[in-house]
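Next come two complexes built around subunit A: one with subunit B, the other with subunit C.
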Partner chain A sequence: MIHPVPPGTRDVLPDEMRELRALSGSLHATFDRAGFGEVWTPALEYEEVLRRGDERAAAGFRLFDDRGHVLALRSDATIPIARLVANRYATEPAPLRLCYFAHAYRAVERGSGQAREFLQGGIELIGVGGAEGAAEVIALIVEALSEAGLNRHRIGLGDGMLYRTLLANAGVSDEDAQPLLESLWRRDLVGLEVRIDRLGLTGSARDALVAVPALRGGREVLAKVPGPAAENLSAVHELLAERGVADRVIFDLGLLRDLGYYTGTIFEVYDPAVAFALGGGGRYDELLGRFGPSRPACGAGLDIQRVHVAQIEEERGT
Partner chain B sequence: MIHPVPPGTRDVLPDEMRELRALSGSLHATFDRAGFGEVWTPALEYEEVLRRGDERAAAGFRLFDDRGHVLALRSDATIPIARLVANRYATEPAPLRLCYFAHAYRAVERGSGQAREFLQGGIELIGVGGAEGAAEVIALIVEALSEAGLNRHRIGLGDGMLYRTLLANAGVSDEDAQPLLESLWRRDLVGLEVRIDRLGLTGSARDALVAVPALRGGREVLAKVPGPAAENLSAVHELLAERGVADRVIFDLGLLRDLGYYTGTIFEVYDPAVAFALGGGGRYDELLGRFGPSRPACGAGLDIQRVHVAQIEEERGT
Partner chain C sequence: MTDELTIAIPRGTLFRKTLDFLEALGIETAEIRANDRRLVFPGILTVRPSDVPAYVEHGAADLGITGKDVLVEQSEREVYELADLDYGHCRMVVAAPPDADPLGERLLRRGVVRVATKYPNVAARYFSETGRQAEIVEVKGSVELAPITGLADAIVDLTATGRTLAENGLVEREAIWESTARLIANPVAHKLKAEAVDALVARIRELR
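Right, the complex of A and B next:
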């Protein structure tokens, strides 16, 4: 008789658990050495707190407490940490460096094979703006993965505002833009082009909306999208070069992240040994202001089990 | 503007988190050296799985998944591990030694000051019966706390069947017994005596039901309750003496644990520096059989944050 666990959740047995504990310990040690202090936030938050961070952040597992308040399981660590910073560090002027290791919960599509419960480890850098903050976060993630034994990981680097700006410049309304952003987020470039043409766009505006999402590669792709996004990405790249990790970067101008709080620089972490992103992050300069004093911020989270799979595949020499 | 967290949950900031991580790491290292392999089970289980372990285990936080199944947040680690053992180790004949570090969730009374989300670390010893299994578990808990720097911890040792047997011998029906067991579990000995008298009991049966819950102390208290429970506790004590930890034991014949799956030996962990139990456990010889092949078992869980408070208080010399 087998007693099932909910879809998208799983048991972890001792051999795997030993490796996951070692991996988490290694990542934590790197974050700790870099001055990122670990915090814990409750797995349960008031739904309205998560929704204040992002409308879709409480779309997962919701329940009522004994007073009828709606609670939700955290779907990421960043929104709860933004709440924590507003509650506990509102008057702290210096940059804050925080890290976390915690499970997050998402209601994913059935059959997608995606986890509903997944262990995340990550960092949040509060109070350091622009390219400088992004470069510190990206370089530390690269270092943490190297320390954990990964050798081939890459950073896909993009700008969360780039495509939104192109849409605004082309005169596309926010309402019309939404399904296009959905297609882009799903990497459905064929569907994206169909939707662009349905809007009746022509000329250079149409061409840019179709071409930019496919732009991937070295610094040369930045020349094809002049403007603030390219300047920002160029600055991040220079700072990463100073930190000796620029060779890890692949510019990916079609990159979008799923949670809506990102502003400016965004990135994902890849490993050629596996087909999925190991994690990602970006700047979220407007999130803190939804809970307390406005502060620039940048963060990154890694899916520990995915990093573990990449570790194994690299060791196998796949 | 303060954004509240749900009652009974809390944020943990870096200074405390660093100590909690060190404490968990120390406990884990002791469990690991003793051959207890760490497992992880999902925080969400099907309600019917938890209820199979104990009727009240799913009384806490419940929610629906997208197919209308009722899920619940685990309220302890033992029932999910019993499920895991049935699913993954059903044909494993040798004793299994497992440990865990995970948060559990309980709907507690408002204003009780108790945590709704609490971090537990513990062990489960499957397939070693009787006093031998209980002594191994108790001795390892004592050792783990000593390794973590606690010096004054004590084990309150009782038998989960003792009072139930006294009630049955006195002819008290299961229905009438329930409120008495509730009073005993709450350590409400005055209320217990009132309820006993309401049942119209007299003579030695009444006297035993009133007197036994107050019996605490050294081996001498066992002489006052001859029978299988006293023989069992005496055997556990002898095995703990062989392991050099018998001086930690205080017999507590009124001890009851809150979850209904315990059979035989039960215990709680105390520290004179703090007023609350740091954890506890006991034999649960009938739990595995509710999920798969019947096997004797014994386990113990520690509330990591309470152990941390005791650590601090001991260091302060309180």
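Right, the complex of A and C next:
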């Protein structure tokens, strides 16, 4: 008789576990060498604490404890770490460098083949603002993946405020902007164009809103969207060039991440061997302030399973 | 890194029009037309329309062509929708037998209408959004049979000309939305093969 496990979860046997452990070990060694100390937070948090970080963060799995409190399984490590920083380091002015390896949980559609429980490894850099912080995080992620044996990984780099600013500059109200951002987030570029035209926009404002989501490539795309976002991305790029990893960057001006706390620079990690992003991250300058003293911050998380797949493909030379 | 793209195209009603469309883009299709049973060709996979999003999401194909109806039903798929290809026009409708108003009467007396469909997500969302309670019965084919046999009061289905509906004694009651063929892309291929993807999208825009 076979005793089932919930869909989207699985067992790991020794051959695979050995490799996952080695991969986590390699990533951890790189993070640790760069001064990112490992932390551990509970898999279970109070629902209201997670929701303080992001309204949808507790949407996956909720349960009651023996006293009737509502608990939730964390859907990422960043919100619990923001809570930890507010609780334990509130009076610590110097930048904090933390890393984690932890399971996170999310609701997925039936039959989508995606995991409900997944192992994330990542870093959080707290107290270093602007392009400086973003570049440190991105460069360390690139280095950690190279150390783990990948050499074709790329960074898709964008700015979460860019499209919002374009909409505001075109005179689109927040209320009208919401469905457009929703279309962009859902990657529905056809629906996006239809909705833009329904707003009655014309001329260069209309053309920019239609064209920007498809803008991706080298530095030349930044010239097409002059403004604070392009200046920010250009600064991040320069700092990455100094660190010798700028050739990994693909600017992606239509990039939006699904979590509600990102404020500026955002990025995703790709490898040609894997059809999904290996991970991603960005600046979250307002999240800490929801739990304690406001501090700029930037972080990144990798899906260890997907990095492992990329690693295997790399070895096979495909 | 090679920039050659693999495209998943739909068998079924969109198949011929899709091959004509690829011809117009300058992609050779004679081999596909000559081999009705083969599924895999250089750069092209031929799959069921409702399977196209899965092939693209999981990267078995970089690009895909399928109906908007399929994309709406599988709205959780993480794929880019890049272009409206302007063929394969059809409508998602609520249809019922012509006598009286089974939707209205059923609702009045029982508070709930039973709807058979191949698109359970679309049907559930539509009835919910229009403030009506519906029991959705999912069937895999010949959905027109449901009202005739008493399985359901009405159906939600796709129709191009309305002929199949009429032949089975059904009339269109409500139009939900229009569908056309769409070009979709895997999110990672969209970044890492941007040049090839954009070149194709540009050619499609020129055709229009």
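As a convention for this text, the second predicted complex is superposed on the first by the 318 of 318 C-alpha atoms of A that agree within 3 Å, B and C clash if a C-alpha of one lies under 4 Å from a C-alpha of the other, contacts with A are read in each partner's own complex, and residues count from 1 in each chain.
Operating definition for what follows: contacts are C-beta pairs under 8 Å (C-beta built on N, C-alpha and C of every residue); 3 or more make two chains touch, one makes a residue touch a chain.
Please read these numbers as outputs of a predicted model, since none were measured by experiment.
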| item | value |
| --- | --- |
| Subunit B versus subunit C as contact partner of A:V190, first or second or both or neither | second |
| Residues of subunit A touched, compared between subunit B and subunit C (which is higher) | B |
| Which of subunit B and subunit C A:I250 touches, first, second, both or neither | second |
| Subunit B versus subunit C as contact partner of A:G156, first or second or both or neither | second |
| Subunit B versus subunit C as contact partner of A:F276, first or second or both or neither | second |
| Subunit B versus subunit C as contact partner of A:E175, first or second or both or neither | neither |
| First (subunit B), second (subunit C), both or neither touched by A:A214 | second |
| Partner chain in contact with A:V49 - subunit B first, subunit C second, else both or neither | first |
| List of subunit C residues in touch with subunit A within their complex | 1, 54, 57-60, 75-84, 182, 186-192, 194-195, 198, 201 |
| For the subunit B and subunit A complex, residues of the former touching the latter | 1-7, 9-15, 17-18, 20-21, 28, 37-46, 49, 52, 61-63, 65-66, 69, 71, 73, 83-84, 86-88, 98, 103, 105, 107, 110, 116-117, 291-292 |
| Of all residues in subunit A, those that touch subunit C in their complex | 109, 112-113, 152, 154, 156, 186-191, 214, 216-217, 250, 252, 268, 270-272, 274-277 |
